Amino acid sequence: MRLETSSWTDVDEASPTTALLPVGSTEQHGPHAPVGTDTIVARAIADAADRASDAESIVGPTIPVGIAPYHGNFPGTCFVSAETFRRYVRDVVESIADSSVETVVFVNGHGGNGETLSHLAREVTAEDAIECEAYLWEWMRAVDEHVGHAGELETAVLLHLCPDDVGDPVAGDAATWADTVDGGVVHQFTDEFSENGAVGDATDASPEQGERVFETAVDALVSFLERVRSEDGDEGRETGGSAQS
Amino acid sequence: MRLETSSWTDVDEASPTTALLPVGSTEQHGPHAPVGTDTIVARAIADAADRASDAESIVGPTIPVGIAPYHGNFPGTCFVSAETFRRYVRDVVESIADSSVETVVFVNGHGGNGETLSHLAREVTAEDAIECEAYLWEWMRAVDEHVGHAGELETAVLLHLCPDDVGDPVAGDAATWADTVDGGVVHQFTDEFSENGAVGDATDASPEQGERVFETAVDALVSFLERVRSEDGDEGRETGGSAQS
Amino acid sequence: MRLETSSWTDVDEASPTTALLPVGSTEQHGPHAPVGTDTIVARAIADAADRASDAESIVGPTIPVGIAPYHGNFPGTCFVSAETFRRYVRDVVESIADSSVETVVFVNGHGGNGETLSHLAREVTAEDAIECEAYLWEWMRAVDEHVGHAGELETAVLLHLCPDDVGDPVAGDAATWADTVDGGVVHQFTDEFSENGAVGDATDASPEQGERVFETAVDALVSFLERVRSEDGDEGRETGGSAQS
Amino acid sequence: MRLETSSWTDVDEASPTTALLPVGSTEQHGPHAPVGTDTIVARAIADAADRASDAESIVGPTIPVGIAPYHGNFPGTCFVSAETFRRYVRDVVESIADSSVETVVFVNGHGGNGETLSHLAREVTAEDAIECEAYLWEWMRAVDEHVGHAGELETAVLLHLCPDDVGDPVAGDAATWADTVDGGVVHQFTDEFSENGAVGDATDASPEQGERVFETAVDALVSFLERVRSEDGDEGRETGGSAQS
Amino acid sequence: MRLETSSWTDVDEASPTTALLPVGSTEQHGPHAPVGTDTIVARAIADAADRASDAESIVGPTIPVGIAPYHGNFPGTCFVSAETFRRYVRDVVESIADSSVETVVFVNGHGGNGETLSHLAREVTAEDAIECEAYLWEWMRAVDEHVGHAGELETAVLLHLCPDDVGDPVAGDAATWADTVDGGVVHQFTDEFSENGAVGDATDASPEQGERVFETAVDALVSFLERVRSEDGDEGRETGGSAQS
Amino acid sequence: MRLETSSWTDVDEASPTTALLPVGSTEQHGPHAPVGTDTIVARAIADAADRASDAESIVGPTIPVGIAPYHGNFPGTCFVSAETFRRYVRDVVESIADSSVETVVFVNGHGGNGETLSHLAREVTAEDAIECEAYLWEWMRAVDEHVGHAGELETAVLLHLCPDDVGDPVAGDAATWADTVDGGVVHQFTDEFSENGAVGDATDASPEQGERVFETAVDALVSFLERVRSEDGDEGRETGGSAQS
């Protein structure tokens, strides 16, 4: 169920133990993909996994703005500082944790949020005062291929989810985030190496491909939810290691 | 236009001078109204005013969680601290201001956000480093009658906007926010004076009434946008006073 | 007893269970009332209620500067940010709570401090690490009539308390805080709608009226202290609701 | 003139260029001296110097609570963290600086505030965005003899200023702040080395001695005001060095 | 030259335009490598590049503790929060920038510091108030092979730099940072997947290999310094893009 | 043992109960002494005391930059704000405390860090969540004579420790920190009263004198470690008072 459209009595009745928190970004995604791409994809995956999962889950509010200062020179990009982002998500998690929820999973759609969310998940899990465990999940890690930025995979997923919001897919001005030279970061802003803002070639993206990628991601998230649920329920985090073998 | 579904080139072309920033809350709204009520209403009003206005406007990302600790004892309520909220919205405004946008209007759907947003609007306007003016607008102030909490007016607007997400309207356990006794605040949490969480009687709410209230609010916002636009353009904020006479 | 003029052994002997913390502001109050009006009134009410109450109370240090950025364009106005204010008062409460004091009541004289103090009272009460309950009390809420800004009521109270510090009462340039138009806040600074800084007409204010208003406020605070004391002592905060019926 | 009891029009007319900001503390001062000793003395000296000085000065609000965690185990002691203290005083100075005031002098009555105020004065002076210079002045540095804690000098000054608030002067349980052993600080709280909280012997303190000490301090402050005023006016801070010769 | 062992007159004479700031970590590096590995390597590379470079460079103080909470369950690991780390390094850079230095290069030895330093470099470069450009350089990016954690490459470099501080190289309990399953992070602490704390097999590491790797890294840094120097000097950062072609 | 060059298994085996944390500064020390003087001396004393002491001690990472804004106008000076410094050291202590360490002793080489470290030591000791006690130790307090700034004593110690890094000792342009006039601080930056940056006359400094001073400091620290160890072990901090008699 989606929290936004449920009443508190609905939530009380369902007593969800797992909360999916979609975390997106509002940032340029080339000339063809919407600025809200990361938000749209994260929310859609969270909703789909929530429906497909056996877990007693709920989809929390979508965090719409993340850490994207390097896209700041493109119109339409919004961002917050890493510390502001951490505080906002943390406060949200704290208020969610004060309920039936025992596990919070960040469903992240923007790579730039990853490290901060990863630290936060650890912080929340380790902190006695917050009574829940938190985990980071990213759809970009759940698919085999490399997800560029407004490249083939991301554009395909958008064509599957919201074709009306996608323009004519283009080839990005850069094939990769080529920001490292001699071991150092020379490009601090995207517009220094990509005029159109896209990384990767989206011209061959299709909605069919997008559906396959989307389903792969949703399946992975459903599996991940199952995994953290059983770990938490059975033996606690200490035994997590053996789950790998 | 809505920022989330536009590409950066769309934004670049439109070069909007006014940004509407919907600010909501995720908090209990009685047994019949969704937890996301304030978010839903703020976003809908911003979108409608954006379409109806002559201003070159854009609707920014919706801030989904605000200042609502007093509802914290009800399941499904999320909130952040006033300082975290201020920082998050401020960072978003700063990144928006670094563009064609000259005026940001907070379209607020939750009373608890009001004072912090009001201070922030003043702070942004006064700060030279942030090149835009900011204003607070609240739909609760734009309608003549008192808007309770999940009461008649709010429920009516929801019946107009998203009837499927509204349960059977109830009478709130409290008629008003009766938290002051002898000049002091005795009730610090909503559940101390209202078991079902609603304030006001929503049983007579109708979608027709909701549509009227909604249109009134949208018209007021359109008028407000016109007002701040002309003031900014003509003579600057100093002449604001005469607009009152 | 007043903390400032007592020794630690006096405090130790008295072992007060309730602390009144006067919270004021240093801000323009029209051409006739002193900049310290809110501080003067809050302190005087706290002192009088402390003397009149049966509670084992003490009057803590008076917080002299609060949240008043909107008066910032008038000479003599001092203010701090909401977060700075919250931190300062919170630290003071924390150090007070580490004693015999079980209840802290903010005796607030400035409307602009209200919401932040209200949040802080809730925060302190809810936080296990701070061993006291905190409540917000405001004299402006304890009197029936509307208290403007350097208007009739406030000026009358000053004529009762410190007539030598009051100039010739004037009629304010504004009858009300008319800052809302079309649901939005157009005036962010007081000088945009009031040249002399006063709101309301103080020309008929008299010390006799001031004494009546003052006594009403003091009586209300004494009653409020009794109320929170009995609630805390008897059954705890959970039963607060019944006190309303 | 004292800001608290002046109207904004009084301030506007006087257009003071120097603001004296009394900074005190609320902390145990032995069994005979009031908890507000540092506040009382700082305020009295600032008021007297303001009257005696030719400078166009004003006395700002008195900061009543400072940095005194080491006295925290005695009843009646209040304190804030160094960072909270810095923020509060800084915000006050910023709002004062946005006026005719060009120089702010902290009139400090509590040693524990000294280093933080010294850093803050430097910070304010160096920061272009705050248009004033700030200086630290401490009465304990202005008198030749060592000022203990509720010892002879401090008690004498209180006997001069507010004899009714002083109990029978005692000999402190410690002659000096003997907290260093082998180069390290072994005692982190006053009650570890002084049961009655006083440092130094106050039994011989007299109001006559207090008057002399007080006048010495006031004269020094008047002289200091003259010094910083002429330096600022004439040649700027760079020439301060020559004042030493 | 190294700042630590130079006098201010030495620095004044040299008037360096580039500052290398070694940034390390104090964290477990398996049973054979010292806890200060990242600090030792970063400092050594910075010193060597400083000597080899034609740039007028200086090596600043080495930041010894970074972001390493995931190693926290191993004895000897120290870490600070990302925000604390950012603030500390930023303050250091600000004070360095107030001199002849125009370019600051973070010579980073710990992957966990990377993203925060990358954001900080961008922040510093973009901020007008800080008059220098900052860049992130990491030796792990400068060598072709993957650098594990106390694995072959890192151990080899240590055998070259400080053989006495290296124990018998071991094979790590994990071959890679295998923390992602189904797209989510399951292991939040290193001890969940590696008992001895090492990642990669160091048993074949040799000082000769270490010397080669070290020289490769130093050469890359020298080249990077040349690059950012010429870019800054010639045409500014805007032309950075062409350096990629 | 020194943490930097030990492996985590070394630390695990030793299970140290006392951690010495050297805290230095990077600031001008006249034309003859290195900018890192305070860091060099603090680290050397900590290492020597660690070796000489019977305590199961370890020397943690050296904090290289402290609170030295007043030296900021000299090339080569680095500094951080007091709050940044406090946060950084506190985070380090927190991570150290989560181990076998029960006592942390700050071995401070820079007077400007003293008060902040003293507050922090108290804060750490008093905070239940951090399971260790912290103490401030300063070598400047451990020697009988007054330690200037790059004066005779400090220079002598450097001549003993690192003669190659010391230039021709000079007489400082100031004999003392003559910053107080009429009870106020007139000089906020060192360059206002000393052109060469040194305070005190170092021309007679000798390595022999330096060795004696150094040994005195080390002996004092060893004795201090013994003291806090026995106090903690035996009767706790409450009995500290008797150590004074």
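Chains: A, B, C, D, E and F, in written order; residue numbering restarts at 1 for each.
Keep this in mind: a residue touches a chain if its C-beta (ideal position, glycine included) is under 8 Å from a C-beta of that chain, and two chains touch if they have at least 3 such contacts.
All of these numbers come straight from a predicted model, not from anything done at the bench.
Within the contact network of the assembly, the step distance from chain B to chain F comes to 3.
Chains that touch both chain C and chain E: there are none. Interface chain C/chain D: over half of the residue numbers present appear on both copies, so the contact uses mostly the same residues. In this assembly, A is the chain whose CA centroid lies farthest from the centroid of chain D.
Taking the CA centroid of chain B as reference, the farthest chain centroid is that of F.
One inter-chain figure worth recording: chain B and chain C are separated by 29 Å, centre to centre, where each centre is the mean of the chain's CA atoms.
Within chain A, no positions touching two or more other chains are listed.
In terms of which chains touch, the assembly is arranged as a closed ring, every chain touching its two neighbours and no others. Around the ring, the chains sit in the order E, F, D, C, B, A, counting from chain E and moving first to chain F. Every residue of chain B that touches chain A in the complex is listed here, in rising order: 3-12, 15, 26, 28-36, 39-40, 60-65, 72, 74-81, 84-85, 87-88, 91-92, 95-96, 98-100, 162, 165, 167, 197. Against chain A, the residues of chain E that register as touching in their complex are 67, 69-70, 82-83, 86, 105, 115-116, 118-119, 121-123, 125-126, 135-143, 178, 180-189, 192-193, 217, 220-221, 223-224, 227-228, 231, 237-238, 240-241, 243-244.
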